[in-house]
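Chains: A, B, C and D, in written order; residue numbering restarts at 1 for each.
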Amino acid sequence: MYVAMIQARILESKLSSLYKAGKIVGGVYLGKGQEAVSAALGAVLIPGQDIYAPLIRDQAGRTAFGEPFIDCARAYLGSSLGPMRGRDGNVHRGKPGEGVLAMISHLGSAVAVVSGSLFAKRLKGELDGVVGATCVGDGATSTGAFHEGLNFAAVEKLPLVLVVTNNQFAYSTPTSRQYACADLVDRAVGYGVAGHSVDGTDFLACAAVIGDAVSRARAGEGPQMVVARLLRLTGHGEHDDAWYVPEVIKAGNYGRDCIDVAESQLLVHGIMSREEIEAIREQAAVDVQAAVAQAQQEPAPDPYKEVWQAWSTGRFYAEKE
Amino acid sequence: MSVTYIDAIREAQEVLLRDDPRVFLYGQDIAVFGGAFKATKGLAEMFPGRVFDAPISEDAMIGMAIGAALQGMRPIIEMQFADFSSVAFNQIVNHAATHFYRTGMPVPITVRMPSGGTAGSGPFHSQSMEAIYAHYPGVVVVTPATVADAYSMLIESVKLDDPVIFCEHKFLYRWLKAQSFQGDCLPIGQARITRTGRHATVVTYSAMVHEAVRAAERLQKESGWEIEVVDLRSVKPLDIDTVLASVARTGRLLALGEAFPWGGVTAEVVSRVVADGFHLLEAPPMRLNSRDTPVPYHPKLWASHRPTPESICDSLRKLLSY
Amino acid sequence: MYVAMIQARILESKLSSLYKAGKIVGGVYLGKGQEAVSAALGAVLIPGQDIYAPLIRDQAGRTAFGEPFIDCARAYLGSSLGPMRGRDGNVHRGKPGEGVLAMISHLGSAVAVVSGSLFAKRLKGELDGVVGATCVGDGATSTGAFHEGLNFAAVEKLPLVLVVTNNQFAYSTPTSRQYACADLVDRAVGYGVAGHSVDGTDFLACAAVIGDAVSRARAGEGPQMVVARLLRLTGHGEHDDAWYVPEVIKAGNYGRDCIDVAESQLLVHGIMSREEIEAIREQAAVDVQAAVAQAQQEPAPDPYKEVWQAWSTGRFYAEKE
Amino acid sequence: MSVTYIDAIREAQEVLLRDDPRVFLYGQDIAVFGGAFKATKGLAEMFPGRVFDAPISEDAMIGMAIGAALQGMRPIIEMQFADFSSVAFNQIVNHAATHFYRTGMPVPITVRMPSGGTAGSGPFHSQSMEAIYAHYPGVVVVTPATVADAYSMLIESVKLDDPVIFCEHKFLYRWLKAQSFQGDCLPIGQARITRTGRHATVVTYSAMVHEAVRAAERLQKESGWEIEVVDLRSVKPLDIDTVLASVARTGRLLALGEAFPWGGVTAEVVSRVVADGFHLLEAPPMRLNSRDTPVPYHPKLWASHRPTPESICDSLRKLLSY
C-alpha cells in the first residue's frame, strides 16, 4: 500500500509536469493528499475477483490494485495502445473485463453499476467472498445517482464498499454549500448500512478502517460506507491553483500530507527503513520514466483506421450502412 | 384462441427466462404483482430468484443492469412507464450507450418502455421517447407494432449484445390480438411492408401502423387509392432500403409518428429518403406527428393531439393531389 | 382538520363510485387512511402565503388548505372549467399562482420545486413566517430527486416541511424492498434536518407533530422531515384491490382507520359531539353531490377550440407557424 | 480592444443582474470561483446574495429554478457542462417544459449549457444536446454563433417567459472575438444570413457557422462557388422562412450540425425545407453531422468526428455537382 502511494505520487507529479509542458491534451486530475485512502482500498481488493470502480483521484488505488504504469501513461499521452484506445481519456480508463470499471464523468453513476455487478455475481452464485468498491467525493454525495445506488445496494445487502473521500471541496465549492449534516458518515444510518469514519491523512488508520470495512463486506455484513476526512492537496485539476482554499484549512490537520505521515509511521513502527523508502522512490521514478518514454513513442490513434462503430452488432453495419 | 400484444411480451420473457440462465427481470412491482400492466404475471413464481421488485430508482435500475450485463447477465428492465425513463436518461445514454465504443465491451441490457398514448393517461404516462434514445450512438431502438413482433423482437433484443430500448405501445397491449405469437421473424433492422399499394407510401411504426392501415383502407374504399404502409419495426437501425424501395414504387411519402413533431423519426425518415431517393419523389414528402404540446389528459383533447385515421387521410389526400 | 378529513373521505368515496361506474377517465388514486396526516398538514398551512405541493393521496390536505369541492370534481370529470382545463388530470391539478403546485407524475420532483419557491421568497425578502410543504410516500424516498431536493433545502436552511407518509407499500412493493434503514426518519440526521415521527393513524398525534414541525419551520429552524407510519387502506389506485397486502398488517395498528380514531378522540375529549359529526358528514355528502352534479353538466374541452400552444410567447406562433 | 464570446456571456449576466432584480445566478462553482469557464467571474462580489454555488445536484438545480420562477424570479442556471444536464433532464422536459401548457403559468428559466466539442474533452464534456431539448414542446432552444448573439440572446432569453435552453459553444468561448457586444439584435426565432451566395445554402448554427464560412471561402477561392450560410440562431423556434428564402435563391441545401447524426436539427431542417420548398430544390438536400459514435477523446479522432471545413467542402462539392 505504501509502495503504491509513493508510486502514484511520483507518477502523478510526472503527469503534472507533462501537463504543464503541454504534452497532455485534456485535463489532469490528481489524487495528491488522498493516496492513503485510495491505496488502502486498492490494496485490499483482490484483482480478478473483486469489482473496483476508481474515480478521478484514485491513481494510488489503481496502482495498488495492480495497474501497470504503462496503462496510465498511454491513456494520458494518447497512445492508441492505451486501455481506451484514444476513445476516452485519462481518469476514465478501465478494464471492465478485469473488474476495473471505466468511469463516465457523471458523478455518482458508478455506485449502482458496481452494485449491479455484485447483484449479478450473486445471481450467478459467485458472490462468496467478493466485494465491490468505489470511491466518491463529498460533492458526489449530493447526486441522485449516489442516493439511488447506495439505497439499492442496501436493500440488496450487497458487499459494496463505498469510500467517501471528503476533501473539503468539490472543485471550488466548500462542504458548507454541499451538505448540512454534521458529518457525511451520518448518512449511513439512513440507508441502513454500516458507517466508518477515518482521518484520511493517517496512513495506518486508513489501512485499518478501510481494511476492516472491506473485510466486513467480504464476510457478508452488507454495504460499508467509509468517510475519510482530508484536504485535496492540489487544484481540482492541474489548471486550477486552488486559491480559494483558506490557509487555515491547509495549516490544520486536514492539510497534512498522508505520504509524510505514512513515512514517519513506517519509520516509527520500524516497518520500513529510510533506505528502503528511498529505494522505492528511486525505482518508481525510473519505472515511471520508462512508461512515459514508451507511451510517448507509441502511435496516436488514426482517424482513418478508426472503426467508427458504436454498436457491437456487426450486421447492423454490414447490412445497412 | 387469441393472444394479445401484452401476452406476447409476457410469453417472450417466460421463454427467455426458461432458455437463458443469464436472463433476469428487474422493475417496479414486477415480481409478486406481475407489473403495472401484468407483463410479468406469474413469472416470479415460475422462476424464483430471477424476477425482482425495484425501489423507485430508475437511475439505479439502469445502473444496476449495466453492472449486471458487464458480468455476463442479460437483464430486462421494466420501466413502469417510458416517461419515467427520463430519470434514468443519464445511465442509458451516457453509461450504457457509450460503453462498447469506449471500452470494447458491450452492455447487453434490454429496457422495456411502455410507451405511447392511451385515453386519459395525460402528459406523463403517454410519451413516445424513441427519438430521444435513437439520437444517441450505441443504442438500438425497437418499436414493435404486431403481436408477433412484440414476441420475436423482445427475444431478439435480449440476444443482441447492444443496449436495446424496447418501446412497447400501451395502446396495443390488450387491443391488439393475433392467433399466435408466430410471425415472419424478420430480424431487428429490417422493415416490413404491412400493406402493399402503389399510389403513396406511409412509413410509420408502433401503434401508428394500425392507424395508417385504417386510413389506407378508408382511402381505398372511398376513392380507390392504394396506399402502401411500411412498418419500420426498429427506428435505430432504420431500414432505409425497404423505405426507398417502396417510395420507388409509389413516388410519394408520408412519414407518420405519434411523437412530438420537432425532429424525431419522421424527420429522420424524410431526410434519408430525400438524400438517397430524391429522384424517386413525385411530390414533396410529408410528415404527420402529434401536435406540439404535451400529451393532453382529456380523451377528447388526446384524440386530436395524435394522428388519427382522419388526419392521416387528410394528409394523404393532400399528398396524392400534388 | 377533522372536517376536511371527513369531507375528503366522502368526496373520495364518490370518486371511487364514479370510477367504478366508468364516469371518470384516467386513474383514481385515493388517500383513504391517510387523511389525518394529510389534513394535519393542509390545515396548518396558510393559503395565500405558504407553498403547498400535495401528492396523490392528499385530498384531505387540499380540502383543509381550502380547495373547493368543485375544483376536484371538475378535474376528475374532465370539465373544461377545471383548474387544468382538461390538459392534465385529477391529482395533478394545482393553482401555482395561489401557492398550490401542480404536480408532475415523476415522484420526488416537487421537493426541489417547493424549496426553490422558498429560496425565491427569501431573495425577495418575503420569506418571514412562510413555509413550504410537500408530501411523499415511502417509495418516493428512493428517488434521486427526493435526495437532491432535500439536500438543497438543508444546505439553504429553507422552511421546508417534508411529510413522508410511510404507508408500507409503494404500489405493490413493500418497504423491505424499498429501503433498508430501520425507520425512514433515520434519514433526517444525514441531511442535517430535523426529524419527527408520528403514528399516522392517530389524529391528535398527527395534529400535534405536524403542527409542531410546521411551527418550527415557520420559526426559522430549517427543514423539518416528518415520517408518518400507517397503512394505505385502499389499492394503489381504484383499479387495484391490494390483494398483496398481508392480513397481519391490516389487522395491526397500521390498519386502523384514522377517521375512526379521530372520531373517538373527538368524542372522548369532548371536542365534538356525535351529532355534530353526523351533521358534518351529511353536509359534506350534500356538498360533494352538488359539486359532482355541477361538474357533470359542464362542457368537456373542445379540441377545435383548444389553443394548442406550449410556449407562452405568443409571437413565436404569430410569426412562424 | 476586443471581446470574446465568453465575455459576452459574462457581460450579459452582469447587465441582467444590474437591471433586473428578479435575476439571480445558480450553478456549481459560479460564485467566488466564477465558474468552470469564468462566465460569472466577479459577479458574486458585484452582486452579493444573487450568485450562488449549487451542490452537485443538477435535478434539484432545475427544480429549484422552476420553483423560483413560479415566484416571479428569473433564474439563470449554469450547467457546468451541457452533458451533465442529462441528470436534470426530467425537470427540464417534464416539469419546466409542460408547465405553461398544463397550468397557464409560464416558467421563465434560462439554463446555460456549455456545449459542443473541444480537443481532448471526450465523450462527456463535448455533447451537443440541442435536439434532445428541442424535441419537447414548450422549450426554447437557442444556439448563438457570434459574440453579439451570445450577448443579446442571453439577455433576451432571460426576458422570455418560456424556459430557454441556452446552448453556448465552448469552442467559441475564447476563440471567437469581436470589437464589441453590439450586433443587429435580431430576435430569438429569426435566422441570419451570415454570408450571401447563390450556388448553395448551408443551414447551420453555433460553432459550425464558422466552419461553414471557412468552407465557403475555400470553395470560392478554389472554384468560384458562392455559398450562402444561414445561421439558425435558435433551433426551436426554427426560422424556416429565412431558410426557404435562401434555398429559393440557391436551389441547393446542406444542413450542417455538430451533433449526432440520427434525427436532430439537420433532419428537422431538411424535412421542413422539402415539405414547403420541394419545388425550389435542384438537388437532393444533404446533411452533414458528426459521426455516429460518442465524441472521442483523442484530438486526432475528435477532429475527424465532427464536420470540418474539408468535409463540408466535400459535401458541398457533391451537392454542387448534382
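The criterion applied here is as follows: a residue touches a chain if its C-beta (ideal position, glycine included) is under 8 Å from a C-beta of that chain, and two chains touch if they have at least 3 such contacts.
Keep in mind that this is a model prediction, so the values were computed, not measured.
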Longest centre-to-centre distance from chain D, chain (CA-based): C
In whole angstrom, what separates the CA-based centres of chain A and chain B? 40
Between chain A and chain D, what is the separation of their C-alpha centroids in Å? 35
Dist(centroid_CA(chain B), centroid_CA(chain D)) in Å evaluates to 30
Set of chain D residues in contact with two or more other chains: 54-55, 57, 59, 83, 86-87, 90, 94, 97-98, 101-102, 123-124, 137-138, 238, 291-294
Touching at least two other chains at once: which residues of chain C meet that condition? 84, 87-88, 92, 104-106, 142-145, 148, 151, 155, 177-179, 309-310
For the protein chains shown, what form does their contact graph take: line, ring, star, complete or other? complete
Which residues of chain A touch chain C in their complex? 142-148, 151, 154-155, 157, 176-182, 184, 186-193, 222
So in the complex, which bits of chain B are touching chain D? 59, 83, 86-87, 89-90, 93-94, 97-98, 101-102, 123-124, 131-132, 134-138, 236, 238, 255, 259-260, 262-268, 270-271, 274-276, 278-279, 281, 283-287, 291-294
Within their complex, state which residues of chain B touch chain A. 24, 49-50, 54-55, 57-73, 75, 87, 90-91, 94-95, 97-106, 137-138, 140, 160-162, 187, 189, 237-241
Residue positions on chain C within touch of chain D in the complex are 51, 83-85, 87-88, 92, 94-97, 101-102, 104-106, 109-121, 123-124, 144-145, 148-149, 151-152, 155, 309-313, 315-316, 319-320
Per the touch rule above, chain B residues touching chain C in the complex are 28-29, 32-33, 36, 53-57, 59, 81, 83-84, 86-87, 119-125, 291-294, 296-301, 303-305
